[in-house]
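We call the chains A, B, C and D, going by the order they appear; numbering starts again at 1 in every chain.
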Amino acid sequence: MAAIHAAVAGASGYAGGEVLRLLLGHPEVRIGALTGNSNAGARLGGLQPHLPQLADRVLLPTGTDALAGHDVVFLALPHGQSAAVAAELGEDVLVVDCGADFRLKDAAAWERFYGSSHAGTWPYGLPELPGARDALRGAKRIAVPGCYPTAVSLALFPAYAAGLAGPEAVVVAASGTSGAGKAAKPHLLGSEVMGAMSPYGVGGGHRHTPEMVQNLSAAAGEPVTVSFTPTLAPMPRGILATCSAKARPGVTADAVRAAYEKAFAGEPFARLLPEGQWPSTASVLGSNTALVQVALDEAAGRIVAISAIDNLAKGTAGGAVQSMNIALGLPEELGLPATGVAP
Amino acid sequence: MAAIHAAVAGASGYAGGEVLRLLLGHPEVRIGALTGNSNAGARLGGLQPHLPQLADRVLLPTGTDALAGHDVVFLALPHGQSAAVAAELGEDVLVVDCGADFRLKDAAAWERFYGSSHAGTWPYGLPELPGARDALRGAKRIAVPGCYPTAVSLALFPAYAAGLAGPEAVVVAASGTSGAGKAAKPHLLGSEVMGAMSPYGVGGGHRHTPEMVQNLSAAAGEPVTVSFTPTLAPMPRGILATCSAKARPGVTADAVRAAYEKAFAGEPFARLLPEGQWPSTASVLGSNTALVQVALDEAAGRIVAISAIDNLAKGTAGGAVQSMNIALGLPEELGLPATGVAP
Amino acid sequence: MAAIHAAVAGASGYAGGEVLRLLLGHPEVRIGALTGNSNAGARLGGLQPHLPQLADRVLLPTGTDALAGHDVVFLALPHGQSAAVAAELGEDVLVVDCGADFRLKDAAAWERFYGSSHAGTWPYGLPELPGARDALRGAKRIAVPGCYPTAVSLALFPAYAAGLAGPEAVVVAASGTSGAGKAAKPHLLGSEVMGAMSPYGVGGGHRHTPEMVQNLSAAAGEPVTVSFTPTLAPMPRGILATCSAKARPGVTADAVRAAYEKAFAGEPFARLLPEGQWPSTASVLGSNTALVQVALDEAAGRIVAISAIDNLAKGTAGGAVQSMNIALGLPEELGLPATGVAP
Amino acid sequence: MAAIHAAVAGASGYAGGEVLRLLLGHPEVRIGALTGNSNAGARLGGLQPHLPQLADRVLLPTGTDALAGHDVVFLALPHGQSAAVAAELGEDVLVVDCGADFRLKDAAAWERFYGSSHAGTWPYGLPELPGARDALRGAKRIAVPGCYPTAVSLALFPAYAAGLAGPEAVVVAASGTSGAGKAAKPHLLGSEVMGAMSPYGVGGGHRHTPEMVQNLSAAAGEPVTVSFTPTLAPMPRGILATCSAKARPGVTADAVRAAYEKAFAGEPFARLLPEGQWPSTASVLGSNTALVQVALDEAAGRIVAISAIDNLAKGTAGGAVQSMNIALGLPEELGLPATGVAP
């Protein structure tokens, strides 16, 4: 066992560190090369002190020299760098990209939001979406969804897939600060973020918007718009996505509940909570579980669906490992914690 | 000077403590009787250790014995208790109620959300709303707005007053935990709330909803619905209200900005930020300032307005003192901090 | 496999929840009865929402009816309740007590600090201490150490065991709020603890003091006193223990380092960090790892040793499972995360 | 009134921002020039959004051009830069230096800890220390103490001044992250510091140590050593200093209490709490108050004294304004909040 040899490119960042944390608990994976850019040559122990088993590992420069010869390569690189690295890895190597490069189908949307030419589209690593799991089986290239699109798509796709919701979604999501990465910027200092709820990218500017539009439109079978406001919350991890859309005429609370029960039946990592219990980010810290709840606001005529995930786990590295398991034909839950670290 | 003799009923709670903090900095106010219920007989020093000047004050039982003979009485009592206390105070005494009892005009809405008979309607202590300041001048009874309605009304009334927004508002607000009060409940423990974003009262159930509906409908001159989702954020204080509504056809970003500039021109405590700068709760900690920003999301066709306040200051005690100043003919800004404690 | 049948008494509290979180990841354990007191009859899903796999489990009343017939019973009960429960369980059942009842050898110290008669002394579940691991092998009764004594003993025992430190230790420790338990008390509200560092039990009054004295005196082979000041820190989990003692004359930094390297050589869960790297509670969140560092302050003539643990994991439930593994002859690391959840 | 014209050099940092926040509430001060280095030319509104009244002020380059012509100049500059700036300001200008440059009397200690030549020694802005208030009256140059030395000196000087404590002090202090300043460093990111208690400068290396030694030795009339361990706590502001020293033979709890009562009698900003009540940083947020408590640990033979301050207020800017008031012959409390912002 432990027959799968995995490399991680970008091992000093938050996404790379979380991939490593999960792989350390995966019974079939052996961790191979770790790479970095500015941190190449450094020991991992000083960069990721929560991973004591790997403390003495030294980061190699990101590139084919380090990454070749593995069964799986996880890319946790800045946007725009994945295509070049992936191109040098063989077609038989499973490449799991935690970046944005291969998520979008619409090249124009990519270019508008990212300002560079579109690299392509890979099978999408959110297996709970209709048809997504099948597309992942045997795949050799996987685009891991963004953290916000993971939370928002899980909250709203059942309503759209069942034809219950109007085509204009409104989403306000709160994210822990790790979603902004490890680069030192003044507005991300602890002194600034503790005690602070602060919006950013308001008015449609966030790069995750077209990915939500893509997922919800696919579920609805018609174009869906998303008014998306992300906010930074004073916590290291977690996303709470509060999502709503007009209920189509005649939609009942029972119909809404039934659609969500059907959508999540049998899903190991996406759970509809019992009626009356609402999800909290605290319940999913460190876990690959998404908790979802939904209600019909009769006075306002809206379906309100809320999801909680760990942005680094289910929202990034957990989704990546879950997709890897599916691609490789392993049990989907293997090595992935469904329990959160609480309180 | 310091000729105004003020009593505070409910001095051991968060709202009462904040009223006292602000009154201690008010040059015209002398603090008289402090009352409590279960804490009657206790020294304030053990209950509000941040108010060292009042540490040796002893709480009296709430009632006429303690409260009579003051110029101003602030009520910071549980909902439903204000009417009986106010009835025993003379008509020449200024009574400022931080509770909900006298905020709503619609008796049926009161009864539906609070389950008791409606006590009446007092002048509304949000002077920035159209016509509200005039109604406060010389008033002897003031209903201080709820903290969420303060934030939401300030964010959206300019759009409605200018006829720019459609009648269905969607609001997601994050509040610090002090909004839930000082009663010890397991889900409010520090262990539970740190790291947690969690919704509550989803689907139209929160008691502050009819107050928002009342304020925005008045500004719009037509019925407005509000889909309101409050969430608890891991911070002691602050509200960030993310509010949106469909832009009416032909509305431009310039028209939106002009409406907001007009609405807040000359306001000492409600400030429209420069374009591109978004408000954070961290900027208003301990201050009576509301910071507002607005944008037009062209792709989604929505006006997005966001406000940040301190729920205990501008959202409760600051609004109360600001309204008192107006009612008594004092300079509106007297004794009120416009600066936040940051970082 | 999964041949060990385990029950947890006190499953609704923080310690019980953490035992369950770890047991869910233990490949040899099958989770049997869960019990509670005031929560008997309730579903676990509403009480421990981070454990979705057990959401439908119903708590039974704590007692023999529920607990009999298991291979291992974990007790996570209020102090003073373990003895009666344990007495009714057979001598062939492994009973692991997360409470204080059986930690102290000195009956007089017990009675002075706990005010009741001493129940006895069980093998002590801190295997890193000299001789402790051997005493745990094959044991049927285990007293899990207190969270503070775990952190403090690991930080200082090497200095005492090597004869390097004077007999008067000074300890200041910061703990996350979960150490105070799940009972709703006003001073533990999120509003109170966020932004707050606050001491308690100052001047020798904390019940964990005699346990530290016991451990350090045993390591030193002479009586050691401990001046212990615990403080509550604004975080849910974690203990940082800053410990110091006079260096005995002639002690060098090299001698100190050598003693610590020897003490932790080969330990799977207690790690001496490389020189110059200091431990942080953030690195051990959710993990069973203790991180330790030590320095010699030449100017002040003191050995300063600092440890970081997760109070609920290594400090309670992790220590319990680690000790269970030893007692049952399983690999000591089985099912226990050595990685922290960071950032 | 408002006859005092004050400039602030370093207005974009945390210390400078806090000086401005306090000066905005000072009835006798008019705020003049604001300067910065890398931020020269920028509007203050984007840098200090909590100071809306000054949002349109533009930062000037630090230097005589901007700073000349004021009655008071506050320096909030990196260590080592104050002497050159001060030298160009007239001897009749009151210069209040929030930096370290003029705090130490021992030139050798300065050079050892700061690695540059000693600039000199100015009257020391901690008026509660014996003799310090008199030295500040009429002074034209003031060295504001470091934040840690403020907290530690207030906690321990009464014991030393009364001859109750042995000459070896042990101090463990927790500080909010603003103490580390506004420069963006990875270990100060919110993602890193939330949930983290972490020590630094262990073993005598912190630059504030010689300042504590200076103050406590002066109070004791003999050399005192300080074993000082600072830790970073997950909160933006506040210092909790836990300090202890051996009680001299025969010292009683009554004698200790009497010494502290005497030391703080009549002090407006340093308060000894009633017996049994311990200070919390949450009580002093934004205030110039220091809260102190002391106990005698009979078993360990130590006096344990704990203080809580706001590191930016009493620990920096509040101490600066308090000292300015004394130097200028104003009422010492003028414009300074004694109340904390809590919860």
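Everything below uses one rule, namely that contacts are C-beta pairs under 8 Å (C-beta built on N, C-alpha and C of every residue); 3 or more make two chains touch, one makes a residue touch a chain.
Since the structure is predicted, the reported quantities are computational estimates derived from the model, not experimental observations.
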item	value
Chains touching both chain A and chain C, listed by label	B, D
Chain pair, B-D or B-C, that carries the greater number of C-beta contacts	B-D
Where chain B and chain C are represented by their mean Cα positions, the distance between them in whole Å	45
Length of the line joining the C-alpha centres of chain B and chain D, rounded to whole Å	35
Shared interface positions of chain C, touching two or more other chains	14, 178, 182, 189, 191-195, 234-237, 279-280, 282, 285, 343
Touching residues on chain B, where the partner in the complex is chain A	168, 170, 172, 174, 189, 191-200, 202-204, 209, 225-229, 231, 233-238, 240, 242, 244, 278-282, 285, 293, 295-302, 304, 306, 308, 343
Interfacial residue positions of chain B with respect to chain D in the complex	14, 17, 21, 24-25, 45-46, 48-53, 55, 178, 182, 194-195, 236-237, 271, 273-274, 277, 279-280, 282-287, 289, 291, 337-343
Chain D residues touching chain A - in the complex, by the definition given at the top	14, 176-178, 180, 182-186, 188-195, 234-236
